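One structure follows; several queries about it will come next.
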Amino acid sequence: MYDIGRGKRAARAFSLDDIAIVPTRRTRGIDQVNLKWRIDAMSFEFPFVAAPMDSVMSPDTAIEFGRLGGLGVINLEGLWTRYEDPQPIFTELAEIQDAHTATKRLQQVYAAPINPELITERMRTIRDAGVPVAGSLSPQNAREFASVVLAANPDFFVIRGMAVSAEHVSNVAEPLNLKKFIYDLDVPVIVGGCASYQTALHLMRTGAAGVLVGFGGAATTTTMKVLGIQIPMATVISDAAEARRDYMDESGGRYVHVIADTAMGTSGDIAKALACGADAAMIGSPLARATEAPGRGWHWGAEAWHESVPRGERVAFDTVGTLQQILTGPSTIPDGSMNLVGALRRTLASTGYTEVKEFQRIEVVVR
Amino acid sequence: MYDIGRGKRAARAFSLDDIAIVPTRRTRGIDQVNLKWRIDAMSFEFPFVAAPMDSVMSPDTAIEFGRLGGLGVINLEGLWTRYEDPQPIFTELAEIQDAHTATKRLQQVYAAPINPELITERMRTIRDAGVPVAGSLSPQNAREFASVVLAANPDFFVIRGMAVSAEHVSNVAEPLNLKKFIYDLDVPVIVGGCASYQTALHLMRTGAAGVLVGFGGAATTTTMKVLGIQIPMATVISDAAEARRDYMDESGGRYVHVIADTAMGTSGDIAKALACGADAAMIGSPLARATEAPGRGWHWGAEAWHESVPRGERVAFDTVGTLQQILTGPSTIPDGSMNLVGALRRTLASTGYTEVKEFQRIEVVVR
Amino acid sequence: MYDIGRGKRAARAFSLDDIAIVPTRRTRGIDQVNLKWRIDAMSFEFPFVAAPMDSVMSPDTAIEFGRLGGLGVINLEGLWTRYEDPQPIFTELAEIQDAHTATKRLQQVYAAPINPELITERMRTIRDAGVPVAGSLSPQNAREFASVVLAANPDFFVIRGMAVSAEHVSNVAEPLNLKKFIYDLDVPVIVGGCASYQTALHLMRTGAAGVLVGFGGAATTTTMKVLGIQIPMATVISDAAEARRDYMDESGGRYVHVIADTAMGTSGDIAKALACGADAAMIGSPLARATEAPGRGWHWGAEAWHESVPRGERVAFDTVGTLQQILTGPSTIPDGSMNLVGALRRTLASTGYTEVKEFQRIEVVVR
Amino acid sequence: MYDIGRGKRAARAFSLDDIAIVPTRRTRGIDQVNLKWRIDAMSFEFPFVAAPMDSVMSPDTAIEFGRLGGLGVINLEGLWTRYEDPQPIFTELAEIQDAHTATKRLQQVYAAPINPELITERMRTIRDAGVPVAGSLSPQNAREFASVVLAANPDFFVIRGMAVSAEHVSNVAEPLNLKKFIYDLDVPVIVGGCASYQTALHLMRTGAAGVLVGFGGAATTTTMKVLGIQIPMATVISDAAEARRDYMDESGGRYVHVIADTAMGTSGDIAKALACGADAAMIGSPLARATEAPGRGWHWGAEAWHESVPRGERVAFDTVGTLQQILTGPSTIPDGSMNLVGALRRTLASTGYTEVKEFQRIEVVVR
């Protein structure tokens, strides 16, 4: 604890940039590493969830992500559910270079209403492709569209907002009672973002299968400048991992997955998130670099189009290869943007681990 | 405490950049947040005071700031009280690009004498518009022009200098006895800058309604380079907040407002200042980005035109929108420069608070 | 120890940039300094080993390095043992400016098989020049080519990989049993990289004459971005030096040399590595600045051409002088890139030391 | 103390950039501040000594510096004592833009021998102007030219080297016995640089009137890169100030002045050096910005022309005004480069001090 001044004390908090993984005395063959990720009744080839952001997840890329072995999540309140054919909008947005103009245009195109029929259609498209189906709503819209989503029979229901809490108080709208809401659903729920031990614990108690840790999207948010709020990810993941342990104890053995959902920009970042205790990573910006990415070189989150207090920006990313190359390689760019799976496999092998669950215990250092 | 060397120990001090607000387990509806600020007999829509700097406050912008719900303060020893019509000077200054030339020209134009009649006229203009009236003088000029100011019947009298102390000793001029001076006035006084617990406490004992914490104007001062002096704002605000508590105890309940007056560059900075214990923020550089700003894209403080030791520079700011957009939005630029009120409202909601007074207790972290 | 969060603690680790050597109360004449380095049966004029990287070590530069008094090491799985005449490849590579293209081309040219006859030939060339002969293999290739290397009768056998451990487990290949392998060899072995006290101790127990500390090549690796792993060199060298002391105790007096093999970019870095306890430094990037360097202004390590997870890049370096000028001066560029020997001599003299072994005890500070 | 690793511990050391002066509860009138500096039998208007560097001190500028009230020191082994008329060389050097070429040319022009008659002549020129006379030699040359210097009857004899110690051992040359040497001289000696409490104490015991703390010339040295050595000035000044106290005690009251001689780039740096305990500052780079500076926009120290291990570079500085403006203003550039005396006066006033001796006790913070 530090004394900020006479009237305030504060703990030190750590971002993933503040830490590094250090090798141990053991190494393992790359062949020995097993990255399979099991959550609820499902199993995935690797512990990556694609972020429900319009610039990376379309029905097509969600399907491709699923085929490659991960869990794609489609944004059910984005352009794909507001427009029958959003492609012209993506094209138009991609041609806007000026940041100010882009923000204004985003605010306009996202002002269109969500069409429930499109929710159904987008999920059916993914379902028909034979891959796991998952869609996301914000807490604000979760109740209104829940029945539509459930009717589409998804494998996972994702509730994702900037700050989701177990205690929300409002005058104008009856707040979502997450515990009751999740209990009533017949489908596993992944919910977040959470940013503290307490919130993680509360969200675990709602019956969620996984909690998202962080705000989502460090690459695109400007929340620190606009709100003064920041999620120091190494600290918050470690706090949520402790909540997972405590909740497992109090619940008599229920294991709720901790999914890191901020600052997952490179394979190195993902490795450090798991080293801090995450079970999986929700990735956005690495996928924005795919040739198939709907954003066509641009990446943005829901914060970017808030009608009165936008706190995210559209960010340009170089395209580096196909979704497959980005996920499973081979890599031809040594900056952590390609072959995320191969890189993670190698981090475990180089430090003597074969399973993510064990790797969560690896030593890290403050650098 | 650190050992700087064998002969010196030092505490760690924190700037607002060193800290971040972290979410709690609660969130609130944006509608629940109440930003109203009451000081002395007056009430404002939001806790922002406009900085008495010529580049942002003219009679017109002070009026507009007041109409929008804040407290505008006009600089009573700036160009508006030295020149009948300062507009040609603003025009000329705006056309100077070279920094060195600008400093010299500022030194020249501010060498003109203050005209007491203009003090009266400027304040009357604001009064006639039906908004709260506040004007500022430096401690050096406070006594000479006090009667003129009082005759204009202001709502607040602001005494603002780089380092205002309760104990000032001088050979050439009898120093301002702040306690007596403020006691004799019939109008609430806001006084600063102060930069320590002791000074804050002393200034509170003078009878001031509010104390300004900081030097004023991190965006434009170069005091660190010139004097080696710096105000670590997170630390100093927290110290002043503790002085407020201690003074309230010793005075039997008098509450003196702590107004952060340095480094208030973005809505995020303002949120962090309140999180450290400030009641309100005096803002300069955000207003320099208004289309109505007299500085026309340039921003400077009184330090910039000191005749022998200038320690501030004229800084260029992009214009982003009207004063109204900057204060109450909607924002179309996600960098903390627009919709300062909406952003602050959102910070409180996202962290589960409804009142600034409560929000002062929120947890922050050293990052 | 820091609390990263509730579920993770971490020690602070230090890079060489984090520390500085501080003068003592003594100084010595430059003439008094003795930099001679003795390892196994050999003696060198200065404690520098040239890194077995294709961009710096060809048979010719290994010979020149040896003639100047150091230990040159040729990479036995690089271009010189894959191609009868690699010069056209070096020429072609030097002409590629684009980083992405360079990585792909490196992956291609290193896909050619290693020719054992060329191993023999390259080592014979060096032997014929009358300088010490040393060649390096990665742990993966050590067994396959060991007999060929031994037949060439080298003075040192270097086993160098990113993370060499005493405990390696693999399904596909029987891992190299370093202890048995080194015991069976008749030639002194230098082995690494190691990155912890435990690994250093284990490698010392294999019978090695020296251990390489670090990953090799901070100038060219992007391991932090790709794998999340970083070697904080000041910490790791100091840990390995302690392992050297402990192993000397447990072995009844066997002294295993600690050779710093990462981040040796300037003469200042080398001095700080020795100050942390290293006996010698393996240097790469300073040699890439020689007019004779095979890389012709480019520098890369084995990480740069990994077929599926490259984690290094080709880096451009300005040529500053001949190998002799770089090693023994005189220097005409005051940036730590020239006269590495003279600079090290001067560091010792300026701080009152005459021998590296004593200098390892000098006080350093965290800056 | 930090554990760098298992085998090394280190203290934290602080540069002047790491700290800031914070205001106190008092302020003083600028008129009350007294900057007079008394050392040995002499008194100066302000506590500044001009650094004996060829780029700033010629006989003419030393005279001007003295007339303005400070102590100018001429370099007695620079171009002015190697060449009857060095002006063509200054002209030629000023026209060289390329750094590499400049270093080589500096090495050549400084290879010319020192002419003792020119030592005499340069000092006489200064003496004839009626200002205090001080000349500097390195420890290497001190004995050889001491008699010549003494014959010129200087007010101060400055012995200035990179690392001057009380214990120097050499084979080739009998080292300078500083204690005996200084005792034998009839003139007050200022000696340094020293970089630790121990060395400061030892140098005080030699009988010196002042000790120079630091290496001299942070603006131009690259010692960190070349030698790995760095002087954290806040720490070292504070250590030397403690040595001053301890020596005063052991000597029964002899006060040896601590003169900061590194990193004195701005008026803010100077203020912080005094705040750490220095009595005066030796300034180089601020004077390189004078219209009269012999370096004509370039600045370099003796490290820049070392024949085999140069560890300094020629640095370009913008010319900002006359020597008088730089020292006593008025300033028209708010970056700490002008009106050094006025700025220091203001720092003391703003923090409630009237004397440097008192100001040495001011509180500083680690920022």
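Which chain is which? They are A, B, C and D, in the order written, and residues in each are numbered from 1.
Quick note on the criterion: a contact is a pair of C-beta atoms (placed from the backbone, for glycine too) under 8 Å apart; a residue touches a chain by one contact, two chains touch by 3 or more.
Remember, it's a predicted structure, so these values are computed and weren't measured experimentally.
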Query raised in the report: Using direct touches as single steps, what is the fewest number of steps from subunit B over to subunit D?
Result: 1
Query raised in the report: Once subunit A is fitted to subunit B on CA atoms, what angle does the rotation have, in steps of 5 degrees?
Result: 90
Query raised in the report: Between subunit C and subunit A, is it the same set of residue numbers doing the touching on each side, over half shared, or a different set?
Result: different
**Report entry** Length of the line joining the C-alpha centres of subunit C and subunit D, rounded to whole Å
**Finding:** 40
Query raised in the report: Using the average of all C-alpha atoms in each chain as its centre, how far is it in Å between subunit B and subunit C?
Result: 57
Query raised in the report: Which residues belonging to subunit C are in contact with no fewer than two other chains?
Result: 11-12, 235
Requested in this report: Name the graph shape formed by the protein chains and their touching pairs; answer line, ring, star, complete or other.
Outcome: ring
Report summary line: Every touching pair of chains is listed here as A-B, A-C, B-D, C-D
Query raised in the report: Which bits of subunit B are touching subunit D when the two form their complex?
Result: 2-8, 10-13, 15, 99-100, 103-104, 107, 162-173, 175, 194-196, 198-199, 202, 222-232, 235, 303-304, 307-313
Requested in this report: Name, in rising order, each residue of subunit C that touches subunit D in their complex.
Outcome: 11-12, 14, 19-29, 31-32, 197, 234-239, 241-243, 245, 266-272, 275-277, 329-336, 339, 342-343, 346-347, 350-352, 363-367
